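Two complexes are shown next, each including chain A; its partner changes from chain B in the first to chain C in the second.
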Partner chain A sequence: MSELSPMAAADDGLQLSPPSAAARRGRRRVLALERPTRGMGVPIAISLLPALVLFSIFFLVPLGVVIVTSLSDWGPIGLSFTWLANFSDLFSDPAFITALKNTAFFCAAGVFIQVPVGVALGIILSQRIRGWKVLRTIYFLPNIVSIAALALVYLSVYNPRYGLLNQILGALGFAADHDWLFDLNTALPAVAATWVFTAGVVMILTMAEIAAIPEEIYDAAAVDGASGWTQARHVTLPLLRNVIGVCTILVLLATIGYFDGVYIMTSGGPANHTLTLALYSFQEYSSGHWGYANAIGVVLIGLGLIAIVAIRRLFRVGERDF
Partner chain B sequence: MKSTTRWGCALAFLVIAGGLLAACGGSGGGGGTSSSGGSGKEVVITCESCPTTAPKDDPFSVFYKEMWEAFNEKYKGTYRIEPKPFKPTSDEESAEHFEREAATGTLSDLFTDQSNVIRSAAEAGTVLNIAPFLEEDSAWKESFVPEAFASASNEAGEIFGVPEETDSIGIYYNKGLFAKAGIGSFPTTWEQLLEDCSKLKASGTIPFAMDGDWVTQLMWTNLIGTQPGGEKFLKHEISEGNYADNPIVVKATEFLKQMHTEGCVNSDAFSGNYESAAAPFLAGEAAMIANGPWMTSEIAAEGTKEVGYERSPGDGLIVVTGSAVWASGAHDSESEEAVIAFMKFLTSEEEMFTKAVKTGSYWPIEFTPSASQVKKLDPLSYKLVSETPEVKYTYPNSKFDTSQQFSTEWINDWPAYVQGGMSTEEFLDALSAAQEKQ
Partner chain C sequence: MAIRALNRGTRLLFLTVVGLACLGPILWVVLSSFKTQGQIYGGGSFLPNPVSFDGYRALFTEIDILRYYLNTLLYAGLGTLGALASALLAAYPAARMEFPFRRSLTALFTLGLAIPITGLIVPEFVIMRELGLYDSLPGMIVFYSAMWFPLAFVILRAYLSGLPPSLEEAAALDGAGYFQLIWRIIIPLARPGLATAGVLVFINVWNDFLFNLLLAPSPEHQNVQVSLALFRGHFTTDISAILAGTTLMMIVPVICFLFLQRQVIAGLTTGAAR
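Moving on to the complex of A and B:
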C-alpha cells in the first residue's frame, strides 16, 4: 500500500483520523522572517550597532538605573541603599494598593470594553455596509487627538457648573449639578469613560486582519449555507485570535502606564479614587522620594512583562490560523 | 551582493549614523554661562527668574523684566544679569527643579520661589547665606519690616533669601450681587456669613467661590486665625502636624465643610484649579472670593464691576511677608557681590513702590508713601494695607509653613471629606501625615 499524503487522501475522498496536535501546529503560519543568507551576519551586526548603542543608552541604562535605585532611599539630598525596604513598604502603603486596584480597573476596562468594541466595529465595517469608509474615519478621529487633549475636553464636558453632560441631563429633567470627576462614586468610571470607547486602533487592526483572510474560506462557508452573521461568528471571529491578542497587549500596555489623562482631570483624587501606579510614581518623584518612585516603576515594568507573556501564550500571538 | 559592497554599505551607514550622533551632541552642548565676564571687569550673573518676554496681561512678568533691565542699565560695565528663564507649569515642577539644582550644585546666581521651597533647597548647602551681607550693611538690614526674613531663615540664623513683598490677603466681594440679595454690608462674623450665604443663594448667586486648593485654604486659614490662639498655631505650630488634636483646627475645618454642605460654594469647588474659583467671581456669578491684592489687576482686566475688598469675618487678615523670596546659588565672591547689589536694588524704595503700582503687591520694607504716591496705588488693595494696624487678628497664610505634600493631600482628600467619605479626624490625620512626611 502506497503512502498517502493527507491532501491526496482528501482528494481521493478517504476518511483519515484527525491530525495530531503537532500536525495542527505545523499547519499554522508562524509569522517569522527567514534566516539571513551566509556571509551577511557581520554586516547586519554592524548595521545594527548604532541602533543597539542608542537602545542601550536611552533604554537599557535608564532601566538599569531605575532597577538599582529602586533598592535605595534616593532623593535630592543623597542616596543610600536600603535593598528591599521600598518594596516591603509598597505593599503596606494604602495609596499603592489603591493605585494598583485602580490600574487593574483601567486595564480591565481596556481589555473587556475597548478591545471587544474595536473588534466588533472592525467586523461590522468589514462587511462594507453603506457609508463604512465615513464611519471608519469618524470612529478613528479621536485616536488622532492626544489623550491629554481629550482629557481637557472632558474636563469641560464633566464640569458641574457649565459642563455639557450636566446641561444635557438638566434638559432631560435630571439633577444637573453632579461633580462627575470629584464624586467618590463616579470619579473612576468617569475617567475611564474618556478613553475606553476610543477603540479606533483596535478597529483598524481588526479590519486589516480580516482583509488578509483568504476569500476561499468564506466561499466554502457560503457553499455550506453560512449567512453573513454566521460567517462573522464562526469564521471571522475565530480567525482573529492573533490580532485580538496583539490588540489586548497594546491596550494593556497603554492602560498599565495610564498617566496623562488622570493627571490632567483629577490628579488622582478624590482621596486617591483615580490614582494610578504611573501617577503615584510621578507624585512620589515630585515629593523627592526618587527611590520609592522607581520601586513603583519596577512593579509597573514587572506587571507589563507578566501581561505580555501571559497574553502571548493565551492568544498564541504570532501564529495565524490561515 | 559582493562582499566588498556589503562592507562598503555597512561602513557608510556607520559614518552617517556617527555623523548624526555628533550633530545631536553638538546641538546640545555649548551655551554655558560663566559667572565672570571674559573682559575681567563686568561680572555676569545668571538668573532663572528673569523673564525675557512679558505678556501685557501679566503685570508681574512686566515688572520683573523691566526691573532686571533697569539693573543692567544702572550697573552697566560692572554687573550684568544674563537671564536663563525657567518657566515651570506648576508649583510642584518649580519646587522639584530648584531642589534638584540645589542638590547637584547647579543653581543659577539668582532665582525666586516660595520661601518653603527655598528653605528645603537650602538643606543641600548650596544656597547662599545672605545673613553676613545684611550684618555688613545695617542700613539695608534695618530697612526691612520686623520678621521679614523669618520665612527664609533657619534656627542657626542663616538667611537664604530676600523677601520682596508683604501681602494683606482679604476677601473680595461683589457689591452689586450683595445688593441684589438685600445685603447691606460685608459680614463681620462667621454666623453672619452663613446667613448672607442663604440670602445670596436665594437670589440665584453663588455665595462663595472656592477651588479646593488655594482659595479654600485661605478660608481655612481665616477660620483658624480668627479664633483666640489661631495666630499662634499658624505661626509656630502648623508645621508640626497633629491637627486633629487641636480644637481650633477641628472647629475651622468643620465650619469650612459646613459652607460646602450648605451649598455656599460653586459646584466645581473641588477641582484644585484656581480658575474654578476665579472665573465665576470675575464673571459676576459668585459674590465672594478670598485672594491677595494681586487679583486687582485681574479684576481690572476682566472689567468686574462694584468690587469691594474686606478683612475676613471675625476681624482677621492674612498678612504674609516673604512668601516668595529671591535666593542665590552664587559660588564666588564676585558673583556674590553682584547678587547682593541686585537684592539691594530690588528692595529699594523706588523699585518696591514701582512693583506695588504695577502688580498690587506691597513692600516688605519700612516705607510710607507720600500722598502723591498713594494716588498711584490701587485704592482697593491699599485700603486693606492701610487698615492692617487696626485689625484684631493678623496671621500668616497656612501655606506659609506647610509642605507641598500637605497641599497635594488637601486637594486629594478635601472632596472625600466634604462628601462624608472621611471623618474630620481622618482628614486632619491625613494632612498631618503628609506634613510630617516632608
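Moving on to the complex of A and C:
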C-alpha cells in the first residue's frame, strides 16, 4: 500500500486519546510566545475561510451524508428512510462477509508482513551499512509509483503466458502455466504480494525514529556488552514501539480502504475472492444502490476509527521511551 | 565470529530478497517495454535485444497520451497550488496566532487524514454533481485541493510552528498588515515547508486513480493513471504497448522522487519529529 501521507494519527493535533507529553509541550510553547494578535480577528477569519469551506464541503458534509443516508434506500431515483435495514441486510449478505474477510486478510498482510519488513529495513539501513543511501532509494522507489501502475506491473508479472513469475518457475523446472489471479486459491495472496514488500514509508519513519534515539542509550548498552543483533533486538526494537504503532495505523488506514489494486487486477474476482469493502461499496454505487453503498462506507470508516483508537492504546502512540 | 558471519549472511539475504521482490517486477516491466512482442513471449533474456520502440509507437497512435499527460499536469499542478494556498492561510494562524477554537480547529483539520476517504464515494459524487463540478477539469482541481488540504495543513503547521517569531514581529512593528505579512515574510520563510508539502501533494494527485474514475469519467477528463489502466482493459492484445503504458504511468513520480528525495522524506517524517 503506498499512498503517501505522513503520521496522520501521530500528530498531536489529533485528540483521540489524552494529550501526549509532546502535545502539552507544544501548547505551552505557543502560549509562551504571546503573538501580536490584537485586532487581527477579521484577517484571521478571512484567512481560515478557504480551508473551512473546502474542508466542510468535501469532508464534513460527506461524512454527515454518508452516515444519514446509510439509513436509507437511496439511489438515482429517490430516497426513503429504511433505518437499520441496510445494516441488517449487510450481515446476511455473503458478498459483504467475503469483502470483510478479504479486507481483514489484506490488513493482516500489511500489519504482519509489510510493517515488520519496513522496520527491519529501517533498522538495517540505520546501521549505515555500505551503500545505505542507494538502498534507501531502491526500497522507497516502489512506494512512489501509483497503486494503479503497480497493479498493471503485476498483471504482467502474473500473466500465465508471458509473465515473469511463470518464466522464472519454468526456468527452475516447475509447471509454468499457472494463472495466479484466476485461481481461487492463489488470487488473494497474489494480490497482497503486489504491495506487501513495498515497505518504504515504514522504513523511512523507522529510520527517522532511530536517528532521534539519544547516543547515550547505545553507549550504556555497549557497556553492558550488547552489540549488533542483541543491540537491535533488545535496545532498538523496544524503543521503536511508538513508531511501529504509527506505521501500523498508516498501513491499516490504507488497507481498510484498499481499492485501486483489486479494481484493476481482478475487479474483485474470481467469484468475489478478492472483493474488498471499498470495491464492494463502489460496485453498489455503480449499480445505483447508494444507500447500501453508504452503509458499507460507514462500516469502512468505522473500522478505520476503531483501528486508530485501538492501535493508539495498544502501542501507547504519542509517547516515547527516550 | 561464526554467529557474526551468519548474521551478516541473513541480513544480506533479507536485503536481496526484499529488493528483488519490490523492484524486480518494475524493472522487468520497464525493460520489457522496449522489447518486441516476440521477445516478450519468447522469455529468456531480461534485457531487450534489439531495443524496440514498437510498444511506444503503438501506444501513441492508439490513444491521445499527451492529452492525458496535460490533464494530469493540470490536476496535479493546480490541485497542489490550491491545497498549498488554503493550507498556508489556515496553518499560519493555527501555528502562530491566538484565536478561539484554535486547538479544536487544528484537531479537526488533522482528522481529515484519519478518514479512509474511499468510504465517501457516493457523497463526493453527489456533492460534485450538485455543485456543477462533476466531470470537469476545474471540478477535479477543486476536489484535489480539498482532498489534500489536510496533508498540506499538517506539514505546514508543523513547519511554521518551528520558525522563530522575531522576523514577523519586526514586520508587524513596521505596520505591515496580516496578508502583507504572509506574502512578504511567511511565504519566503516557509519555502522549504511549502516544497515538502507540495511534492507530496503533487505525487499523490498524480497517482490518483479512484477519484478521477469516479468524478470525471469521460475520456477527455481522464488522467494518465485511469486512461492507461483502462487502455489495458480495452487492448489486451498488444502487450508491448501495455508495458509501454505502464512505464509511462510510473515515470513522472519516479523522476520527481529522484530529484526531490529530501523533500519527500522530510514530508513523511514531519509528524515523527513532532
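Quick notes on this structure:
The rule is simple: the second predicted complex is superposed on the first by the 270 of 322 C-alpha atoms of A that agree within 3 Å, B and C clash if a C-alpha of one lies under 4 Å from a C-alpha of the other, contacts with A are read in each partner's own complex, and residues count from 1 in each chain.
Methods note: a residue touches a chain if its C-beta (ideal position, glycine included) is under 8 Å from a C-beta of that chain, and two chains touch if they have at least 3 such contacts.
No experiment lies behind these values; they were computed from the predicted model shown.
Shared-chain residue A:Ser47: touches chain B and chain C both.
Once the two complexes are laid over each other on the shared chain, residue contacts for A:Arg161 go to chain B and to chain C alike.
Once chain A of one complex is fitted onto chain A of the other, the partner contacts of A:Val134 are absent, as it touches neither chain B nor chain C. Contacts of A:Gln283 after superposition on the shared chain: chain B is touched, whereas chain C is not. When the two complexes are overlaid on their common chain A, residue A:Gly228 makes contact with chain C while staying clear of chain B. Residue contacts after overlaying the shared chain place A:Phe197 against chain C, while chain B stays out of touching range. In the superposition on chain A, A:Ile256 makes contact with chain C only, while chain B stays out of contact range. When the two structures are aligned on the shared chain, A:Pro142 is found in touch with chain C, with no touch to chain B. Looking at the superposition, the partner that touches the larger set of chain A residues, chain B or chain C, turns out to be C.
Once both structures are placed on chain A, chain A residues 40, 43, 47, 50, 161, 285 are touched by chain B and, in the other complex, by chain C. Those residues of chain B that touch chain A in the shared complex are 3, 6-7, 9-11, 13-14, 17-18, 21, 92-93, 95-96, 99-100, 102-103, 123-124, 212, 266-268, 270-272, 276, 280, 404-405, 408, 411-416, 419, 421-422, 437-438.
Against chain B, in their complex, chain A makes its touches with residues 39-40, 43, 46-47, 49-50, 76-78, 159-161, 177, 179, 181-184, 267-273, 283, 285-288. Across the complex, chain A meets chain C through its residues 3-15, 22, 26-27, 29-31, 33-37, 40-41, 43-44, 47-48, 50-52, 54-55, 57-59, 61-63, 65-66, 69, 74, 117, 120-121, 124, 129, 135, 137-142, 144-157, 161-162, 164, 167, 170, 193, 197-199, 201, 204-205, 208-209, 212, 228-229, 243, 246, 253, 256-260, 263-264, 278, 281-282, 285, 290, 293-294, 296-298, 300-301, 303-305, 308. Within the complex, the chain C residues that touch chain A are 4, 7, 11, 14-15, 18-19, 21-26, 28-29, 32, 40-41, 43, 85-87, 89-90, 92-93, 95-99, 103, 105-127, 131, 142-143, 145-147, 149-151, 153-155, 157-158, 161, 165, 169, 172, 177-179, 182, 200, 203-204, 206-210, 214, 225-226, 228-229, 232, 239, 242-243, 245-246, 249-250, 253-254, 256-258, 261, 264-265, 267-274.
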